[in-house]
Amino acid sequence: MTRINEPLLQLKDVTAGYGAGLVLKGVNLDVMPGQIICLIGPNGAGKSTVLKTISGLLGIKGGEVIFKGHEISTLSSKQRLGLGIVHVPQDRSLFPAMTVWENILMGAFILKDQKLINERIEQAAELFPIIIARKNAAAGSLSGGEQKQVEVARSLMLDPALILLDEPSIGLDPKSRKLVFESISLLSKAGRTILLVEQNARSGLAVSDRGAVLEAGRVALVGTGAGLLEDPEVSRLYLGASSK
Amino acid sequence: MHLVIQALILGSLTGGVYALMASGQTLIFGIMKVINLAQGAFVIVASYLTFSLFQMTGLDPFLLIVITTPIMFILGVATQWFLLKPLRPDDAAELSLLVTFAVALGLEGALSLFYKTTLRSIMPGYENHSWTVWGYQVNEVRFYAFLLSIAMLGILYLLLQKTKFGRSVRATVQNPMSAQLLGVNSKAVSAFGFGLGVSTTAAAGAVFGLITPFNPGSHYDLISRLLTIVVLGGMGAIGGSVIAALMMGVGAALVSALASPIWSDFTFFIVLLLVLLIRPRGLFGAKVRGAL
Amino acid sequence: GTSAQAAAKPLTIGISLSLTGDFADSGTAAQKGYLLWQSDVNKKGGILGRKVAIKIVNDASSPDQVVTNYTNLITQSKVDIVMGPFSSLLTIPASRVAKRYGYSFIEPAGGGPKVFLEKNPNLFFVQPAATTKGGDVFADYILSLPAASRPKTAAYVKLDDPFAAPLADNIKARFEAAGIKTVYDQTYPSETADMTPVISGVAAAKPDVMVGGTQTADAFAMTKAMIQLKFNPKWLFLSNGASSPLEFPKAIGLKNTEGVFTSSDWYPKSTAPGTAAFIKSYISMYGGTAELIDSTSAEAYSAGTLLELVAKKTGKIDNKTIIKTLHTGSWPTLEGNLSWNAYGEPQGAYLLTQWIGGSLKTVFPAKIAQHAPVAPKPAWVG
Amino acid sequence: MTSLLEVKHLTKRFGGITAVNDCSFEVQEGSITALIGPNGSGKTTAFNIITGYLKADSGSISFRGKDIAEPDPAKLYRSGLSRTFQQARIFPEISVLENLIVASGYSWKGLLGARTTNGDRKIAGEMLEEFKLSALADFYASELSYGQRKLLEFASVLMSSPKLVLLDEPTAGVNPVMIETMERHIRSRHASGVTFLIVEHDMQLVMRLCDPVIVLDHGAMIAQGTPTQVQANAQVLDAYLGS
Amino acid sequence: MSKAGIIRAVTFFGILALLPLGVKPQWVINLLIFTLMYSTLASSWNLIGGYAGYPSLGHAAFFGFGAYFIGIIFESSIGNGYNPFLILPLVGLCAGLISIPIGFIAMKTRKDVFAIVTITLLFMVQTLAYNLRAVTGGAQGKGVAVPPFDPANFGRPFYYVMLILLLVAMSISFYFRRSKIGLSLAAVRADEDKAHGVGIQVTAVKLIAFALSVGIASMVGGVWGYYEGFIYPQFAVDPLITIGMVLMTFLGGRATLWGPVLGAFILVPAQQYFAYEFGATQFYLLAYAAIFLIIMLVLPRGILPTLTDRIRIKAKIAVEANK
């Protein structure tokens, strides 16, 4: 991948909402290739909504979503997936009545090459042994954290250009959380671009190249991950004072 | 004793026929979460199709299944695409009840226009043949239907559990949003799955037309039985619905032959109630962790 | 002036029929009979110079709709006369509406005991006898046989409805009194689609004669079950369904009909007055052959005929006249000579018919028989 | 201090998995006890059993000194035990405000009264204000974001007057600033005598707030003590915190 | 109640109460009787099927119970014709009492299973109606004595009784919406386990809703049996009656006050009119099905909820604009 100074993904004045009201009121955001960018902000600011407009779960009402130089906002989710955009949503996204194994296979739904699939499963299993250990368990019977682990493992089945991770650390125990953040760094090192939403903002910003603060449907602030972490104003408003 | 054994034979054969009808219903109800009140009407449509094709071509009704299956499939896909898909996902399960009821009425109306309401039977000449085995009568058509239903159920089971398509159907139903995110064309898959459920009525319709006289209104009697079988078996559990259909067939036959037909359905309903009270998810319904 | 105008005004007759739903089959047959009569009577110049205009509406086999329909016909469409519906179950609510507004109620299809218990003097049932007496003629025939060749044992299988079951029970009472042993007696509910378990029970009891109190679909299903189970009693009587010249062979195969007894009010070979003309005009209107005419059509046609006869006799056609006139004398129709008791129960008898050589033939009473009864019944063809 | 909740030899199996394995612990009245452990260690299952949503295979539970033979969620709630769910469970088809009112618990007589009284609205309104949800008061709860749902559920347990509150990962997905608000509420309730049992993976919060800390692994208790003790425990480091 | 609501209710009931005094044709009254009958049935079904989300398919069993109750007591004599109406509260009370153990058992299951359990109940009651011949007359049916009302105004008493029953059903419906019972039912509908867990008297409110619901249905059944004059098992305990009330409720809008009434006022006249006018051409089923599908596709959540949702969304935009 060439590291030119052109963003992989660009949101230009994106407006979107559910039903009639607007949740996103003109979001502008550039995501550079190979970077990890962390989106933080209060609950209900519209972070998840931003990710949905990128992956195509939600149509936009105005503005542009540009991926590799092309406007993609009219494409279906499947087409966007074909372009290499993978989205791991915030809510539980496993198929509860299917086994863990079938869930993992579903992650590779658009792949045809069985060998490649097997390889990827092996790689994912190294990070998250649970997908082998609980292979035949119904995914819905797993504990919250276990499910999150399977979800993250599932997202590794594809080799996407852009990964949208919506709070991957929710429900994870400290050990697994560390693993997840490590694998995010690894993915990025392997050339993937990652748009991460985190409430666990300190951990999120720490692994990120850049950070952005979303407030009430608009991007209020952008900066480097470290820069935002240090900013006392950001700390007070978004990171909480007591946590360190 | 002779009577009991004969009733057992009759009951299991009839149960096989119902299992065939219920298989598609189970697929649609359990896997697609649609309470399809039109399944009985689809069976009758298939019976008429077979009837007409048989009259026109003289081909064996069992052979005609090859032709009627794709037709029923398309009918199912069209129903899903134009009438069920537009429903909002939140209340689709309940509203599908209404839509499919209207579809059933519409089909009944259309059939009455074309065929009038005369009772018809498909009569290839062997429809009433029976083998005499140790003094017991085994009806040929029902026996074939029994085999056919086992084969169909096997195919359905394999299709749903072991293939990529089957996985995508189940995935779409269990979590449409995340199926979409993984590249499943959930709209097409839903339509296809519904079509599949309806296409099983092709075989069921042929068999039904062979063993019972039917008219456009015959679907009313079918639907409550199909629903009960599906629920008793545990919604979506294909194997469960076979057992339930057999239970119903055998139970009804035994009570009819030994006690009185007027209490046979009653007995079956009592069984259903007891099963549901002890196992609210039906005989084979899986217990899920749910929101805990 | 006014009388000529009144004469020119068509005579409107309102009828509600079950054209969809459970009873649609017979409802349609009745519709054919009514419309045929309308066409015939209008060809003759109508009734008393007035064209007959029949308004048929659908009750979809629903009792709510039948009440609505007769109320609408009488109070909205203001028809001159109403006639009866099909099914029989809808007859009672319908006849109550007619009576409320002083309308006569000539009805071709509601002949159950409760209909006559309504004590409705406006009602006239256009069949030879109350429906439940339909089997008496079969009992007459069996009991007319020499004691040695009579059946020794009998089975009764009957549909739980207001007509079929009492009909079979009437036969049973007569048989038992004559010493024919009952070896099987069961009622089955109307939604029984699969008759094989019941028939396997009958077969196990090995009766000489089997009496089926049947309606339509159940008669077909029952016969199919008998064929499948290879159960062939020496005498088989099916009260209804088997009497349908069109449907019965269609449903079970013509060859299998051989030897089945049933009872008829009207059938194509009937010698009742007007039959030939009726058949001719039926075929010219609907095509087909005489064999394909359902007796329900003849019943409906006869209901119309009664109006003609009343008008001819009295020179008037209004509800009061109809009611008063029909209560006296006897009235020749396709159904034979009809006369009624005070509450519309006809006082005649049915004919015993049997499927012989592919069609229904009268076999009893002997003096009008077209063929001798065939017994024992030949085996099923399969 | 006396123990408010006592769990003895609790065991729960699902097929081949032993989710809770002969587990015993106590929650002292007036404490803020933490229940921690790796994913799948049985914390939620223990909660589900204690609150009557699941039946234990064996073991006993006593609450307020009384043995609870057949835990029933409603009865337990009325006797002062309320909880939140790991995956926030709100009533999606009723409004955010009414979600709080429903959870406030009402008597038989109250059942016949008005759907929302002015008093209800005032108390619930204040609570929504605290969690920045007032603008959404009349919206369906199904329209909330993930974190807002967690906040709503948390707020709803504060609506009644419980003796013991069980919180299952209350802060997951909640903004750090809002976590502070939560913490404040927990402390103020605690000050007025409410006992808490909290499952939480946010160790900083646990260390700040809770004492004692109980650690589960594979369904069994492996450690118990003050935050500092637990943090230093080798087994805990290995199984849970990672070295 | 809001001012607009009071005006709406007073106008609606006012017009309906005065109508028979001006409108003489019995066919209109007859049509309105059936319309009011289904409005009441749908409103009563809404109590349990709409507010509580328990889709009962067994209401016709209680409807039939009411019909037979009246039929059995008044088989041979009814005095001045008004006695059957006076006994209706007793009918409702009995049905309500009977429903409590039934509901207690049936509502232990999940909601979709509940639908099947209740339809099973319906078929069981129908079977009993057929087979308990000594009481019900079995398949022979049971006649009710003919009321001695003036034919010119024959329908009027039935009309007013149906109207009163509708008023009762709608009042209960209104009360449900405005009381904590309604709020509790809404919670039960949304998440019953959780509702149980926050101390809501789940069983009690469900049983109250069920008992009131079937109590009203049974009273309507009583009036129906009397009006019809003759009761057969397959008509009195008829799945189509249940389906009718469900369809109307869904059409107008579940869990709303006016939805079920609206649904009935559209469907009943349409159905009866189509059957009367087009029935003979057999197009009636097609036309009926078509209307249905069109409404479902255009207003997928039922008429009222779709409309109020549009209004709500407008309000939401206004809120956003103010922010």
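The chains carry the letters A, B, C, D and E, assigned in the order they are written, with residues numbered from 1 in each.
By our rule, contacts are C-beta pairs under 8 Å (C-beta built on N, C-alpha and C of every residue); 3 or more make two chains touch, one makes a residue touch a chain.
Note that the coordinates shown come from a computational prediction; the quantities given were computed from them, not determined experimentally.
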Labels of chains that are neighbours to chain B and to chain D: A, E
Least step count from chain D to chain E, where 1 means the two chains touch: 1
Of A-B and A-D, pair with higher C-beta contact tally: A-D
Distance between chain centroids, defined by C-alpha means - chain B, chain E (Å): 31
Geometric centre distance via CA averages, chain C-chain B, whole Å: 36
Geometric centre distance via CA averages, chain E-chain A, whole Å: 50
Numbers and ranges of chain A residues touching at least 2 other chains: 141
Sequence positions of chain B contacting 2 or more other chains: 108-109, 112, 262, 265, 291
Shared interface positions of chain C, touching two or more other chains: 19-20, 160, 189
Interchain contacts, given as pairs of chains that touch: A-B, A-D, A-E, B-C, B-D, B-E, C-E, D-E
Parts of chain D lying in touch with chain A, wherever the complex brings them together: 14, 17, 37-41, 43-45, 86-87, 132, 136, 143-148, 150-151, 169, 172-180, 183, 201, 203-205, 208, 240-242
Chain C - residues contacting chain B, complex: 19-22, 24-25, 27-28, 160, 186-189, 191-194, 196-198, 200-201, 204, 216-217, 220-221, 224, 227-230, 246-247, 250-253, 256, 380, 382
Residue numbers on chain E that touch chain A, as the complex places them: 313-314, 316-317, 319-320, 323
Residue ranges of chain B touching chain E (in the complex, touch as defined): 35, 83, 86-88, 91, 93-95, 97-99, 101-103, 105-106, 108-110, 112-113, 224, 227-228, 231, 235, 262-263, 265-266, 269-270, 272-273, 276-277, 280-282, 291
Complex contacts: residues of chain A adjacent to chain B: 55, 57, 77-78, 81-82, 86-87, 89, 93-98, 102, 105-107, 109-110, 138, 140-141
